[in-house]
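Pasting the structures here.
Each of the next two complexes has chain A plus one more chain, namely chain B in the first and chain C in the second.
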Partner chain A sequence: MLYEIPQIEHVNARSTEEAIYWLSRYGDKAKVIAGGTDLLSLIKDKINGPQMPIPEVLINIKTIPEMDRIDYSPGKGLSIGATTTLYDIESSNEVREKFGMLADAAHEVATNQIRNMGTIGGNLVQRPWCWYFRVPQFNCYKKGGPQCYAISGSHKYYFSMLGLGVCVMAHPSDTAPALMALGAEIVVAGESGQRRVPIDGFFLGPQEVFETVLKPNEIITEVFIPEQPPNTRGSFLKSRLRGTWDFALSSVAARLQITNGSYDDAKIILGGVAPFPFRVPLAEDALRGKRVDEEVISLAAAVAVKRAHPLAQNGYKVPLTQNLVKRALMSASGLEAEV
Partner chain B sequence: MTEAKLLVQGIPPEPLDRPFTVIGHSISRIDGVEKVSGTAEYAGDIQLPNMLCAKILRCPHAHARILKIDTSKAEALPGVKAVISRNNFPDWLTYWYLIPQFAFPEIVSYVGQEVAAVAAVDIDTAERALKLIEVDYQELPAVFDPEEALKPTSQKVTPLDVPDSTCPRAPAAWPVGNLYEGKTDIHTRGDIAKGFQDADVVIEEVYNTSYQFHATLQTRSSVIDWDGENMTVHDSCQGVWQVSQDIAKSLGLPMEKVRVVVKYQGGGFGSKAGAQRYLHYASRLAMMAGRPVRIELTRPEEFISHPHRHATKTYLKMGVKRDGTLTAMEGRSILNLGVGSTYGNQKEKLIETAFELYECPNVKLEQVAVYTNTPLTGYMRSVMRAIGDFFLEAHMDRLAVEIGMDPLDLRMKNYAVFGDQVKKLPYSAKNLDKCMKISTDAIDWKHRDRFVEDNKNGPIKRGIGMASYMYDGVGMAPFKASADVVIKRNGTVEVLAGVVDIGGGQATMMAMLAAEELGVNVNSVKTVWGDTGPTQFAPGTHASRMTAEMGPAVVQAAANARKKLFELTAQRLSAEPIELRSALGKIQVSRDQQRSMSFEEACQLIPDGEEIRASGSRKPNPKDIVFHTFGSQACEVEVNTDTGAVRVLRVASAHELGKVLNPKLVDSQHYGGIIMGIGYTLLEDPEFDSKTGIMLNPDLHQYRIPTSLEVPEILPFNIEAPDPFFAYSAKAVGEAPIVPVAPSVRNAIYHAAGIWINSLPITPDAVLKALGKSK
Partner chain C sequence: MTSIGELRLHMEPKTLVDENRHQNQPRRVRRIVLSINGDSHSIEVDARSTLAEVLRENLRMTGTKLGCNRSECGTCTLIMDGRTVFSCTILAVEAEGKCIETIEGLASGSDLNPLQKAFIKNDALQCGYCIPAMLMAATALLRVKMEPTEDDVRQGIAGVYCRCGAYPNIVRAVLDVSRGQVDC
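For the complex of A and B:
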């Protein structure tokens, strides 16, 4: 018996338009629910603040038929409905064959049970897993409060090592770095219709209360990934404390284009170490035009963490991330890393 | 077995005089099907008519004086049936293991301490009522660090414990400063200064261990039914009689008016022994409202409010000669007691392993317990032994490496023969040498350098480590332990035992003992447990005491019942009672086995409307013998020097327990203890905000207990050796296997990667730091 959940009104939306209608009508009393794996735990733990009232109405978008789908069009790309579960993504043959890095990233999320419920849209808009955010007593910056308590407090695990901004959360999503490496677009619907947001512009910085550009009455309807050139190779690696049910201490999504033993292009995104999925262009530059070679990779890995400015308790994330980047690049380059 | 030594009151039973027919078989636990099929009814499942819901208001501050509480708005809320606080119960003492504690003190001493409680028609109303209670706090400075709390200038903590010299578990005196009872506990022998002079190598280290929480599957829940005169508590506790004692004393009721029932128990690991604070409030609310009250703690409340394993810091210095002879040991262990504890029962226990496990002539060990503004501490699977073994066994490996000796050889070199090295008291049995050999052989200790070559390349390093341990838990005075056995005319047998099967298979074990003594199949025996109504006083199921304490009582009760049945049967078989033997449901005359009858037929001879009932009671351990169990574990680990991740690959666990009554149940304790130990060693990292004392991870996500992916290959070995004091020699196993996990894994990490890590848990940041890769 979940005695801790308060009485909440629950609306099944039948279309995107209906969901947006209810959202606009109820304003900040309402929240969208899909898998609910993040939202319900926030409600259960009574997490609230000036910028995050406990919702009184939940708008269910799992009842919108076209939201749960995976469509692949050869030559164009992959379109994933926002309520598609992480399990469906990791077990889709098309995703695994054409966009393997995303399947790997989806598989790394939480537990089987959570991946059966949790959706791709929810994974992108989940709230911070900073423990000051996740206990009700601290009115932290991300709840609309005055300050971050983690900077001068305890910040060993789910925290940024980049010394950016007011809040030191580390963005928790596993799929976001992979989607960013794959150049995805997030399709957002609101009162004035649809807009397509390149994922590079989807996440906000740590000065903002909210983590994404999504407005209160907007919802994600689709995630689109363009077809990748044939010489693309990718790798997603995640380091965590426990074998399952854990967010990343650090993760790396690497997407490489290799022709005749040289890197045509590279994208390297770090997860779990910055307030948003963190692209490292200088490390990408260190690869571009170079021969596929362990020394080149080691250099790029070192460059990837050059901007690191860890907190008092998370300096270990710097060597950890550097090693992960190296392993991800080695793997995506088809080189055997020393094991 | 030498029956005369069996620890029972009165005349020990006659020996069985035949091979075992039930004991030693892997019988599946008798409550297994109900549990896995979901039909087992736990306390939280119980619904009674007119039942109210209780909720507790908890203090948001680590230290504060309550100036005023206004509950009038809450009381006026429709649906609220009772509200309690220091307004109506200012001097109320609750009891936990008969240790008095303040229920609603003026000064609240940790974040989460109870300030008021309400009972209402439903949970929403109860929650709303809590919000309507107005409390004026005057905040006080708080102290969280025990060494800080020891300073004369420190803020003084008001503990929840109230001294009571009549209760062996309670403090006998108020703290002085924040020091428990105003004094430390010291174990000493020989001459420390001389010992260090004699040493060739002296090593000093500091060891830190973290709190550990039980994280039981079942959150605490109880339903209290009060009819105006009698109280029935449906509980999830580990000791029905202990809860009955505590609740009766707390509410001023005679014990016979408080019946405590546990149908099934969803995990305790020490945390559910005795009546916990929430139960006192809920019981009081039931009395006030005159209606049944249900209470269930949320997962965060579980973490914040129930007593957990203490955090410690130990300064340890040891001296050794080049040949491996230990010459001196000096240590100081500081324990964080939080605001209260069952610490009275644990004095000297943290340093006892170091004092006894190895032969060392000059020792001085000090145990310092300090109150702080942090939550309650208390019993948890090998609460002190797991910590005491960590620093001792870690230090032993360090010494071995420093003098260039095999760590196993160093342990054997200093093997202690006597339980008391000064008085030369013997152990009732000790086969630790055998345990060390078997566990290390199982992972090929002799060739442990086989990894050296592979470890030179790549980030993955493998290594092997070991640790030995001792455990007590084999029957301690002054607890009473009695059991009854009833034989009915229809041929069924009942064991009446006032204990709780906490998932270890205790009910199965007692049915097996009775079946063996009576000579019936185990499925004709039913164990009636978890109910103070039909049973005699018995211990709580903790401290691994059930087999060691209830075993002799059940054997005696069953043997006495058998004797009575044989007296009825003998004439029919034309024999003397003494000539009869029974096994597997058949009673025979020993000199003429053709003369026999079935157990059921024999039961028909019981006069109509009657039954055979017999009792057994254990007597306390004699004082001139030391009772311990022993064991050793060796493990193989893998350290990833790129990520700092440590994986335990294999654990060989040898435990000496006298006699294995049921191999499957005993092996399960190895598995459970090792898995819990891996959590303690590598994962479980409770975090409190250093400014406010607020727990930051009171949940099962960021307080990480192991999952199946963390479970290594586990090789259990059960070492049998006669120990005539116990039922067929059977002693304790439950808690012991957690004890050596942390030191053996820590020692294996050194063997793999060449780094000593002296603080638990060993998380990737600590590994990378020790490798010199990060600050």
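For the complex of A and C:
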């Protein structure tokens, strides 16, 4: 049982600059560690492939003081340091009051222990929770291998229903759909300084090996959410197999702006059903300008799953997601759904 | 051609160019001080050792159990800085400076604490392997919620698996303590 982790070197970075220095110096031998809940499991299971060497150097970024913070400035927005734990986010009064959808999403992640360890940055860059990816025997596409094994294999639960490309993973993050609905920006630091990436452009499609635009020697330093207009209402709902804790079979983040009983604007993001948090603009259009009404909502929910192209075993996700969208929209609109 | 990495060697960040420069290098072995149940332990650990491994193997505190070793079963749950964590998924070198509480710290001598007594009184265990983790999860819960509902208790221990299925009695034991129904 002793030492399931292979020999590693470890360094505590004391600044973002230093972390990037070590990352650049050790190249693909090095990985950044924050909560470690995903990374250490991958290392213990010796998951590797042509595009996925087992790390030999771990750079701890939890020791960078300015990365663990939640700052809210009224009128501007919310700035969350990358190593802030999910528990700190769900239990922050400011997040709960002003960006409730994010607090709900953070609360839906795994279990107490994982939320006490796992960070917001890590939640965004976690690798696929696909059972072919998570065993060393399959040299799957996401490790740099030739093909996806889930398409012809078992893909009932944590897989895409949107048939978008080579790999059929479903993006596992719960906070990502909420952050996308809130129009967040991801602040990324690298060799040439900082850049701000709108979250709509942060995740890549399944034809890419990596899930995000993050380069090997870049790290997330901050997640920024702009102040929401006063008439904004939101809802995050997640459906899962196991009640106590599990990844999403399907999740929905809905952000609505309602004035005088009609929708000014809407943003609907689906999680757990596509290789990246999936925005459904046509469903948003079905709400915009319309009266707040159950029929309008039902139509938008039907439109949200119109592009669905489920795999052989996960067709059930289509009605599941449709109903989840409806429930999220009803709740954000302040309407009671008929059970 | 000079690679980016080599270039950076000549422009090291400020934090590296101080007197600690040589101390802050990636290392395989490090001497650390762990604070466990109020006692300080200075030990040399392998950078790859997890907190659970160091507790069990180096410090011989075997109260904390290891099950899956993959942050799934919850058997290695202990309290770090007041919060429950999976000690199988924390590197020991990263637990330095944290306040660690394990099952060994609950009883004083042979005197069990009320929660432990409640577990015995309610027959809240079968094989007992998950019980240290259950006790630590319940301890953390009772500190923030002195009068938890049954649902709170179930949420509080949700990260720990009991394969025997002793949950009803475990929940009853925690509720008993919160209602003061245990003779201390």
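As a working rule, the second predicted complex is superposed on the first by the 336 of 339 C-alpha atoms of A that agree within 3 Å, B and C clash if a C-alpha of one lies under 4 Å from a C-alpha of the other, contacts with A are read in each partner's own complex, and residues count from 1 in each chain.
Criterion: contacts are C-beta pairs under 8 Å (C-beta built on N, C-alpha and C of every residue); 3 or more make two chains touch, one makes a residue touch a chain.
Since this is a predicted model, take the numbers as computed values, not measurements.
Novice: Return first, second, both or neither, reflecting whether A:6 touches chain B, chain C, both chains, or no partner chain.
Specialist: both
Novice: Regarding the shared-chain residue A:149, is it in contact with chain B (first), chain C (second), both, or neither?
Specialist: It touches chain B, and chain C stays clear.
Novice: If we overlay the two complexes on their shared chain A, which of chain B and chain C does A:241 touch? Say first, second, both or neither.
Specialist: first
Novice: Looking at A:307, would you say it contacts chain B, chain C, both, or neither? Reply first, second, both or neither.
Specialist: neither
Novice: Based on the superposed arrangement, let me know which partner A:290 touches: chain B (first), chain C (second), both, or neither?
Specialist: neither
Novice: A:323 in the overlay: touching chain B, chain C, both, or neither? Say first, second, both or neither.
Specialist: Only chain B; A:323 stays clear of chain C.
Novice: Classify the contacts of A:69 with the two partner chains as first (chain B alone), second (chain C alone), both, or neither.
Specialist: neither
Novice: Let me test your reading of the model: by the given contact rule, A:233 touches which partner, first (chain B), second (chain C), both or neither?
Specialist: neither
Novice: Counting contacts the way the document defines them, which residues of chain A are shared by the two interfaces, the one with chain B and the one with chain C?
Specialist: Common interface on chain A, chain B vs chain C: 1, 3-4, 6-7, 45, 244-245.
Novice: Which part of chain A faces chain B closely enough to touch in the complex?
Specialist: Listed in rising order, the residues are 1, 3-4, 6-7, 45, 129, 131-132, 134-135, 137-138, 149, 152-154, 156-158, 239, 241-246, 249, 313-320, 323-324, 327, 338-339.
Novice: Taking the touch rule as given, give the residues of chain B at its contact with chain A in the complex, in rising order.
Specialist: 44, 53, 60, 111, 123-124, 127, 296, 298, 300, 457-460, 642-645, 683, 685, 687-692, 694-699, 701-702, 704, 706-707, 709-710, 763-765, 768-769, 773-775
Novice: Okay, in this complex, where on chain C does chain A touch?
Specialist: Answer in residue numbers: 4-5, 8-9, 12-16, 24-28, 30, 46-50, 53, 57, 66, 69-71, 74, 77, 80, 83-86, 89-91, 93-94, 137, 140, 155-156, 158-159.
Novice: Please give the residue numbers of chain A that touch chain C in the complex, ascending.
Specialist: Against chain C, chain A makes touches at 1-12, 14-15, 17-18, 20-22, 24-27, 33, 36-37, 40-41, 44-45, 57-60, 62, 87, 110-114, 116-117, 191, 217, 244-245.
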